[in-house]
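Pasting the structures here.
In the two assemblies presented below, subunit A is common to both, partnered first by subunit B and then by subunit C.
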Partner chain A sequence: MRTLEQTTQEVLDLAATHFQLPAGSLAPGDDFFKKLGLDSLQTLEMLSRLENHFGIELPDYEVQGVSDFKTLAERIQSRL
Partner chain B sequence: MKSFTGKTLRWEWREGVIELTLDHQPANEIGTAMLAELEKFVAAFAALTPETSVCIISSARKSVFSAGGDLRELYATAAAVAAKDRRAGVRAFLERIHAVMNAIDESPCVSIAAVHGACLGGGLELALACDMIIADKMARFAFPELRLGFIPGFGGIPRLKRDLGNAFVRDLLFTGRTVNATRAQAVGLVAQLAGEGEALRIARSTAAQITKYDAVTRSAAKKFIKPIPREELRREIDLFCELFTRPAVMAALKKFVEDSGPMPYLP
Partner chain C sequence: MLDLSKYQSIGEALRDALDQFPNEVCLIEADREREKERLTYREFKARAHPLAKALQDAGFIANDRASIIMTNQSKWLISAYAVFFSGGALVPLDYKLTPEEQWQLLRHSGASVLITEYPIWRQLSTSPGRAAATKLQTVLVTEPPPNADLAGARRWEELRGEGEPVFVPRGCKDIACIVYSSGTGGRPKGCMMTHENYLEQCVALTSIYPFWPGVRYLSILPTNHAIDFMVGFFGPFTCGAAVVHLRTLRPEFVREAFPKYKITYVSLVPLVLKNLQKGLQTRFDALSPGKRKVFNALVAINKALTKGRPLPGISRLLLKQVHQAFGGELRTIIVGGAFTEPQTLQFFYDLGIPVANGYGLTEAGTAITVNDLKPFRADTVGKPLPGMEVRILNPAPDGVGEVAVRSKTVMSGYLNEPELTAETIVDGWLMTGDLGRFDATGHLQLSGRKKNMIVTEEGKNIYPEDIEAAFESLPVKEFCVFAANYIWPKRSMVGEQLVLVLHLEQGQQLTDPLRQDINARNNRLLNYKRIHGIVLLDEDFPRTASLKIKRNALAERVAHRDNATAVLPL
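Let's turn to the complex of A and B:
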């Protein structure tokens, strides 16, 4: 079982890899909509990447209002 | 007409397979422009049927198969007429799109939706009219209509009910949530899962296999296992029109078209 810290780090790594950002350029408290410049289709794409990576389902209404990596990781953790 | 390039889509016939490619900026929204070209397509498809085994529908747009009905156009059109005249306008559009979906659904050819990215609302309804959905692992499916105060109107609920169990149908409809391709395959919505970017290649490979079999048997088998739920489709049009004319729908559509955020359908 992953710890929340591990989950958070994996979320950050996944986002950095997909958006071709330098490792360590994203922080748990960052607003991912602003930092990554996500539009509606990219948001769905990111959700798919997270679900595929963690092998979970994360209904979009559960991440409604979530905009920072740490809270996103907590929602993922609750599904692991 | 074996090939065509329009403003919103194109098609090409080759060796018994007709490929329809949706290519309408930004996200293959189905409005009057795409509807008119889809009508052209189903006419050409019907004429080519004797020499066609398979139809493949895919998208040329990045990250999206189709975002569904063109809600911006729907709102603008509805807002431009008096409330009492809205029902007739939306009914006329629905009658036309249902004719297109039914033509694809009941064609004796096998139809395959090769899906990548977002497949929402009317886009999912187009995929559901096909006999098989081959989805890449990044595909996501949803019926977000209830979030706007109406129901899917392009034949989605009757076709989903025809193909899948009630638990999934109600989950998809009542929550409006998006589901990933793995889940969609687990419930029977998706026939085959493809790697990222591989859905069209696998659809072509599947088409090549399907073309090997006897056309009469294939057509008879399709007619036997996939009846069109005509009565429910008619009721869906009536219900959509009834719901659509409520002021709450216009308010929800206005909010949607004015929202430039990354999650416009929420809540």
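Let's turn to the complex of A and C:
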């Protein structure tokens, strides 16, 4: 079982790879709308990547209003 | 299609539609790759009538208001039907608003019933805003877990009355819906839409884009939005067509839905349409040079053949693979909610997929103009719909002026806002606040806004007044939020942004801590509501006798500055 820290790190690494950013350039508190300039659609695409990686389903309502990696990781953790 | 001229209300027309098309499929709901349910009109009735009876048994009477806060799904439409059947007025609210915003609008609307889904209720029920909605008596929650604490709500699935409900007739001038076009945080703008507004709009729209049994409409735009309510509920239902709901709006599942359910129509906001374009373009670019050459030639042939009007059969033959990806039955993509760039519209039309571009406002009863594809024009928002009188007020030499509309589809006013209503509807004409001109062929071309607001590519209307609450008690002398276009008008409908005008205290500087404070507050706003820059103004803001900021006068003062240098990045 992953710890929350591990999950958070994996989320950050995956997001960095997905958006072709250098590893370590994202932090848990980063707002992904602002930091990555994402729109709502790109966020949904990123979520699908994360779902596949963690082997979980994240209903849309679970991520409604979430805009930082830390909270996102917490939502993922609760479903692992 | 039902002859809607015979009907007085939405409820009456929907009631007859269920009996007219009993064996046709009306709803399909899917969650990811799983189909959750498929209902015929007869089965829809069997679900909706017990709910209507239960509402009536609980004391819900004519003109009572019931709000729905739900993602798109069967239960949204079943609940709405039960409300209309019982003579109620519907208050459809955006499920993406924060709980505080939702409570504020629930209170403003005076809703006595709330129908929502469990994850939304979980957040709503613990929000302090709950205490404000004193008129709310009944809360129905869909799909709660078996042992969930419902905090005073009842289970939607268990609310089934015994026996037949009584149909409650309404007049065509009665309020059918209160639709909030904006106004969380500031002055809520609850558009009071009459039954006549919807009946007239439905006749006008279906005269150009018809529905019939067998048509499948993919409902992606939120149903609380005027467009989806019309083309994803009332329109298809009065014609015996089917609506497909997806519980997950991930792009891959949306893409799969087109071929899986043989979609006929879909409505999208410009952002999603552009994303689709990008995806297709990437695939075209990946073709080998030989295949690319053949493909380009086929597109050129299609373009030449469809110059005068769409020829779906021929386009599907010529560009078979593209059309198969969309299920092979797609007739039109309806795009709305915000301005769409002409090159995106042209891209799809050249592939044989017409995009019904139009222009509308909630206040006008959804659409005002729509492209009738006779012929297709990417550079306009089309011609006025039947029954719409549209004129340009005080046109400049180039013909551009404010667009005004008169029609039976125009709302009766803003709820509890007689002054705002009087400013907006003048001598029967709705002042849209948008700027445009008619070309020689009667097509409307939009070219900017007169009003202080922006519309995002996701179709969100943002009024600066509504987001000022986020900057309350900011340690500066005074501040005001504006749409940049309102200060420095430009003839464009894209790339609109908000700016924060600051008047600092004497001797105060825009220091890093102040910037950080502004940034932190800005980041608490939903991403599409955020400001993009700061403008410093070293003078007192003009104010009224009651000390309200005179926004027009302030905008004029700021406008003297050069916008290229005046707007500081955050």
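Simple rule for what comes next: the second predicted complex is superposed on the first by the 80 of 80 C-alpha atoms of A that agree within 3 Å, B and C clash if a C-alpha of one lies under 4 Å from a C-alpha of the other, contacts with A are read in each partner's own complex, and residues count from 1 in each chain.
In the analysis below, a residue touches a chain if its C-beta (ideal position, glycine included) is under 8 Å from a C-beta of that chain, and two chains touch if they have at least 3 such contacts.
Everything numeric in this text was worked out from a predicted model, so none of it was measured.
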In the superposed arrangement, does A:Arg49 touch subunit B (first), subunit C (second), both or neither?
-> first
Could you look at A:Phe19 and tell me whether it touches subunit B, subunit C, both or neither (first, second, both, neither)?
-> neither
Of the partners subunit B and subunit C, which touch A:Glu57 in the superposed model: first, second, both, neither?
-> both
Using the superposition on chain A described above, determine whether A:Asp31 touches subunit B (first), subunit C (second), both, or neither.
-> second
Who does A:Asp39 touch here: subunit B (first), subunit C (second), both, or neither?
-> both
Could you pull out which residues of subunit A sit against subunit B in one structure and against subunit C in the other?
-> 33, 38-41, 44-45, 47-48, 57, 59-61, 64
Using the touch rule from the top, collect the residues of subunit A that touch subunit C in their complex.
-> 31, 33-34, 38-41, 44-45, 47-48, 57, 59-62, 64-65, 67
Flag every residue of subunit C that touches subunit A in the complex, lowest number first.
-> 32, 71, 95-96, 98, 117, 119-120, 247-252, 271-272, 275, 457-458, 523, 526-528, 530
Residues of subunit A that touch subunit B when the two form their complex | 33, 38-45, 47-49, 51-52, 57, 59-61, 64
Note: in the complex, subunit B contacts subunit A through residues 27, 62-64, 67, 117-118, 137-140, 175-183, 261-264, 266-267
